[in-house]
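Following are the structures in question.
Shared between the two complexes below is chain A, which pairs with chain B and chain C, respectively.
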Partner chain A sequence: MVRVKKNVSLAAHLNSRPLGPLVLSVSSFRARHFVGIFLQTIINGIMLGSIYAMVALGLTLIYGILEIPNFAHGALYMIGAYVSFQVMTSFGMPYWLALILSAVFLFLMGMFIERIVYRPLYVQPVINSFIAAVGLILILENGALAIWGPAFRRFPKASSTVFHALGMTITSQRIIVIITAVLLIIALQLFIKRTRLGAAIEATSQNRQGAQLMGINTSLVGGLTFGLGTALAAVAATLVAPILLIYPTMGGPVIAMAFVIIILGGMGSFFGAVVGGYIIGLAETLFSSYVTTKYIDTLIFGILVFILAVKPTGLFGKGH
Partner chain B sequence: MKKRNSLVFIFVVALFFILSGAVQTVRSAEEIITIGYTGPLSGGGAQFGQNLKWGLELGADEINAMGGATVAGKKHEVRIVSMDDQFQTALTVNNAKRLVHQEGAKMVYNPSSSGIFGLMPINEKENFIIGAYTTNQKCITAGNKLIFRGPPSMLVYVRNWADLAIAHGWKKCAMMPDAYDYGKLWSELFQKYWEEKGGTITTNIPVDFMKVTDFYPLLTKALATKPDCILIGSSSEPDAMQIQQSRELGFKGGFIIIERGKLEEMERIVTKMDALNGCIGVAPFLMYPGENVKKLAEKFYKKYGKDKIITHETGIAYDNALGYVGSVVVAGTTTDPQKIMKALLSGGAYKIPFVKDNSPYYTDYVYPNGAIKGKIFGVEVQNGAYSKPFPVKSPDWVYTTPY
Partner chain C sequence: MFKGGVTKKLFYFLLIAFLLIAPIIITGKYPQHIMVMCGIWVIASLALNLILGYTGQLNLAHGAFFGIGAYGTALLVQRIGLSFWLALPLGCAITAFFGFLTGLPTLRTKGHYFPIATMCLGIAIYYLIARWDGLSGGPRGLFGLPRPDPIRLPFGGVISFESTPACYYLVLFFVFVTILVKSRLVKSLAGKKLIAIRGNEDLAQSVGIDTMRGKVVSFTISTLFAGLAGGLFSAYMGTLMAEQAHYLLSFEILIYVMIGGIGTMAGPIIGGIFLPILGEILQPLAGFRLILFGLLLILIIRYLPSGIVGGLRAAGMHFRRRSGAE
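Take a look at the complex of A and B:
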């Protein structure tokens, strides 16, 4: 990241390079302004897309096991943010430690929920799992409301390092979000493709009975996958919390987007969740910046309808 | 196994119903004045809904602490019954009906203009008074005979803040109101007045602060129009984040704050008070003059904790609760809303000691249409500190003219 304070040094630098004067003339104020806003929008879109991708990825992993989308995913995302918030404010823990703790806590919580809430319902009609999820949302949201109160909270020690470059403004936290998300997604992909446990997860999500016949402990794998998906949501929430505010119903808008994304990308598809997340994140930011902020939902659902019309199982869907 | 499961199920369901209050303990209907409250107690408006609930409860406590209000020779306890409606009109109406028919409330307090409009077709028939916490003018110019309004008219805020901004020489204003009816109405009135005074509105970007995941794209768009000031209209904390992030993006201008945003709540969110330089809004409640404000603050902190913030919303609700009970006393009846309303409009309630000695705004006048004359103070933030609060201009026509 180049910290550019004065235009003079950059101009002087450019003047001495080939095509420098051409670049300079393009860097006239208005053009730079336009480019600046465009780059800013793109960076914002990638950041938003990173959050969506992580949440959608968690959701799609769980869908592979649960065979219904976990409606309570958004509420768990919210709990992840509050847990990090609480350990930072009560125990003064540094940010990264809080993030890891929150991920671990939500991992365990996810396993617990899978065992207690959903596993008894696997043999029941799917509607029962829906109802259970709604009940879970009520408990989690109202629990958060009771414990932390209704006011929006600001995450402590929010990053205040601001970079200005090429007409953009970007805070260090936003960069952290993008880098962490990308690393995590790559790590997860490697885990699933290169480790035995990852293979077991993939097998269980593709064909539960077949996996059982192969000797895989599908109950354990199911629980672990649920924990993993939930932990991902906690990481996403903790990453974005310093940029936004945390409040008990913060999971709602994010989970709505996550659903669109996994349908768009193909339910159960890893790649679909990631690509879908970035597409939606960029679409939302570009549309807000260049068209209007008013009809985002129409746009997003419009994109969804369009993609489904062309490919009904979603971009990378396997046709469940 | 099956039988045990069904027994457990029945037990849980029964417990749920009992806890939710569907099973009522029998109450004696006399010697109680019930005020019903339906407002957002969960979801995005929860803090706002809570602020008002606190105000009503403190009002009830005040009266009960002196043994109750004497109506027609008998001491009456004041009881507040609150229900959550999450700003949803259908729930508001349902809650109101329950409050009136099951709880015996003769006044239902509600803070949503759409909720209030939902109640207006039924309150005269169902015989209860609407305590409207809104600045919306239409609700009191529509001809409903059983409604009073606590906060001042919207135009009071619009005109006073705009006048101050213009006095600073700000000409270009970017509007970023909330994306709901309230923001739409406020910004429309603001735009009209701002343009009348020779200013220009550079852009209108409504903010759905409940769904926005990131303010940067919206702010980037607004700041591209190079405004001198920005009108913002979300709840306090999203407002503060918007201001904070606009400073990150290099904006050095001012902010006009729609009164849903309260500076004392915003203070807690920004990194430094300096970020709020150039803000124009309602003065923090604690800066209002008079002993009654201090007395109320003391009681507030004692009951709810020192970490909570007391805002003008709590102050107005408290004032309204006292005024209502005072009107019941003057009317001499707890069951006739017409008489209670007449007493309220006469202003007699505000002469009664327990009202006069406690009203934080020293309220003394109610317009014939039910609007209570507000005594609001505004404030600016300059050089990292609040300016001296100034009383806002509040002419009569703003309360009586339909708009």
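Take a look at the complex of A and C:
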């Protein structure tokens, strides 16, 4: 039994958690269908996990090559959402074209940032790259604030179809998020394992000097990887944006969670970022709908502290 | 060992004399307000420099500890009705205790993990403060906080803290306390150990320095003074918002330290005085102020990693070497 309804409005209320509305809509229906709600929570968790996995994957790719935890990744994620928003509202572009344009734009922006900000700092102590990232966050977040203002912006909706099945209410956008993410993750894995450029990325992440000796242009690989990771963040942001609202500081909570994920999965690990992303996404959604939405950040940080105290290199990470 | 010993002493003497009579010379209410704020930022910057500059650990939760100190002191005064003079040390103690508790697991981590862990910690504390309506007033914040209680002098007379100059002297006193404690610590054997940890943690450990202990002590003291700055802020401003624990605050204090000069005594003082003043001058630019600060940070990191003080030192060395050669 599948009913289709058109134009169901977006959950209007939003607290500052990135996926607050999902959770609220779940709890209000709880009395009706326990099983349906549970299944819906799982679907929401998988969707959230898909977003986290993509953001964490970009972060971990960049870390693997450049050995810098790019704090500005969340700010770039936010810029990705605004770029899609802008081309859709001012040029009336279709959603998928906006997604691709945003990815291309952020790819170039990532390469530019790597070249201008990070590459000159390779020879300096690691701490300086962190501080440069802080400078980047200030520029990007306040730049977005200056251009688009502090108001929450509603994304022009890409797809408004709503499915009802087994007591679940699922918008097609959520299914699009999940399918696109899974396809992208598989494509990325194939790219790294099957192509020459992918092999160069993997070689550079395993041993930079060795790769250089083999004739790989590690600087170029670094730039391309940075661009790729950034484009991935832009895709993730554009995918989730029609479900949520966009605002200049939307990257903050996501980047914190992405760091938790790559610490959990071991920094630089492809597999760890994907698995960690889905675990955290599911855990966050289940916890928010069955326990509380209020203190989830604090709880997740508690888990992080615990992991760091037990195994400072992450669950699947190799020791340094 | 230093030729200009007398001039240096004279310089410090004049500087302190100027700071003591500053509110008499500068009478405007707005400049005086900025002077008080500068003092608070100097304390916070000096505190960050201890863990960042001298121990080499980038703590991105510094603003959160500032917030804990501010909220801790304010709540002790407002809810429990303690005197400010009791609430301030208690607020600092709570902040330091929290710093100690969170330092134990986070400082175990090395390299990239510590800034990441503290960034997550900073965001977690910010959300805790912003959401815990019952305690912190949530997004509305706390308001109507009283100024520090007047002190009754033994021979009659009362020091009241209602006026801005009085608050200025109060903050100035704590700036001196912070400088004194920090310079004592840095010059002591413990301070040398911290600098060794900054240089090379593994090497420091191999020569028998308990690096973990050193880092935890440094972190705890650093958070204690961040709490002090926060406590003074709450009593001076009279209102508190969750923004006072936001990660942007950590970034701003980081900028003060970096641009002033990381790992130097004068750096955070210079940064903590001149950058807030620059910020006030740039106030009409609103959001562009922080864009400018971000650009400045990236440029400083690339071209002058040791900040203004480091740059001045290098320039001074250059000229001295030149005059010596001729």
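To be clear about the criterion, the second predicted complex is superposed on the first by the 276 of 320 C-alpha atoms of A that agree within 3 Å, B and C clash if a C-alpha of one lies under 4 Å from a C-alpha of the other, contacts with A are read in each partner's own complex, and residues count from 1 in each chain.
FYI, a residue touches a chain if its C-beta (ideal position, glycine included) is under 8 Å from a C-beta of that chain, and two chains touch if they have at least 3 such contacts.
All figures in this text were calculated on a predicted structure; none of them were measured in a lab.
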### Query
Just from the overlay, do chain B and chain C fit on chain A, or is there a clash?
clash
### Task
Identify the partner contact of A:L190: answer first if only chain B is touched, second if only chain C is, both if each is, neither if none is.
neither
### Query
In the superposed arrangement, which partner chain does A:L245 touch: chain B (first), chain C (second), both, or neither?
first
### Message
Once chain A of both complexes is superposed, is A:S289 in touch with chain B (first), chain C (second), both, or neither?
### Response
first
### Task
Check whether A:T298 is in contact with chain B, with chain C, with both or with neither, and answer first, second, both or neither.
second
### Message
Per the contact definition in the header, classify A:P253: touching chain B only (first), chain C only (second), both, or neither.
### Response
both
### Task
Have a look at where A:L145 lands relative to chain B and chain C in the superposition and call it first, second, both or neither.
both
### Query
Looking at the overlay, does A:V126 come into contact with chain B only (first), chain C only (second), both, or neither?
second
### Message
I'd like to know which partner A:N44 touches here: chain B for first, chain C for second, both or neither.
### Response
first
### Query
Once both complexes are aligned on A, which of 25-33, 97-105, 241-249 or 313-321 in chain B overlaps with chain C?
97-105
### Query
Where on chain A do the contacts with chain B and the contacts with chain C coincide?
141-142, 145, 252-253, 294
### Message
Which residues of chain C touch chain A once you look at their complex with the stated criterion?
### Response
52, 56, 58, 60, 102, 104-106, 108-113, 115-117, 119-121, 123-125, 127-128, 130-131, 247-248, 251, 254-255, 258, 286-288, 290-291, 293-298, 301-302, 305
### Query
In their shared complex, at which residues does chain A touch chain B?
33, 37, 40-41, 44, 47-48, 51, 141-142, 145, 149-154, 158, 160, 162, 164, 169, 171, 240, 243-245, 247-249, 252-254, 284-285, 288-289, 293-294
## Note on the structure
Per the touch rule above, chain B residues touching chain A in the complex are 41-44, 46-47, 49-50, 179, 205-208, 210-214, 216-218, 220-221, 224, 235-238, 240-241, 248-250, 265, 268-269, 271
### Summary
Residue set of chain A touching chain C in the complex reads 16, 63, 67-69, 71, 117, 120-121, 124, 126-128, 130-132, 134-139, 141-143, 145-146, 252-253, 256, 259-260, 263, 267, 294-295, 297-298, 300-301, 304-306, 308-309, 312, 320
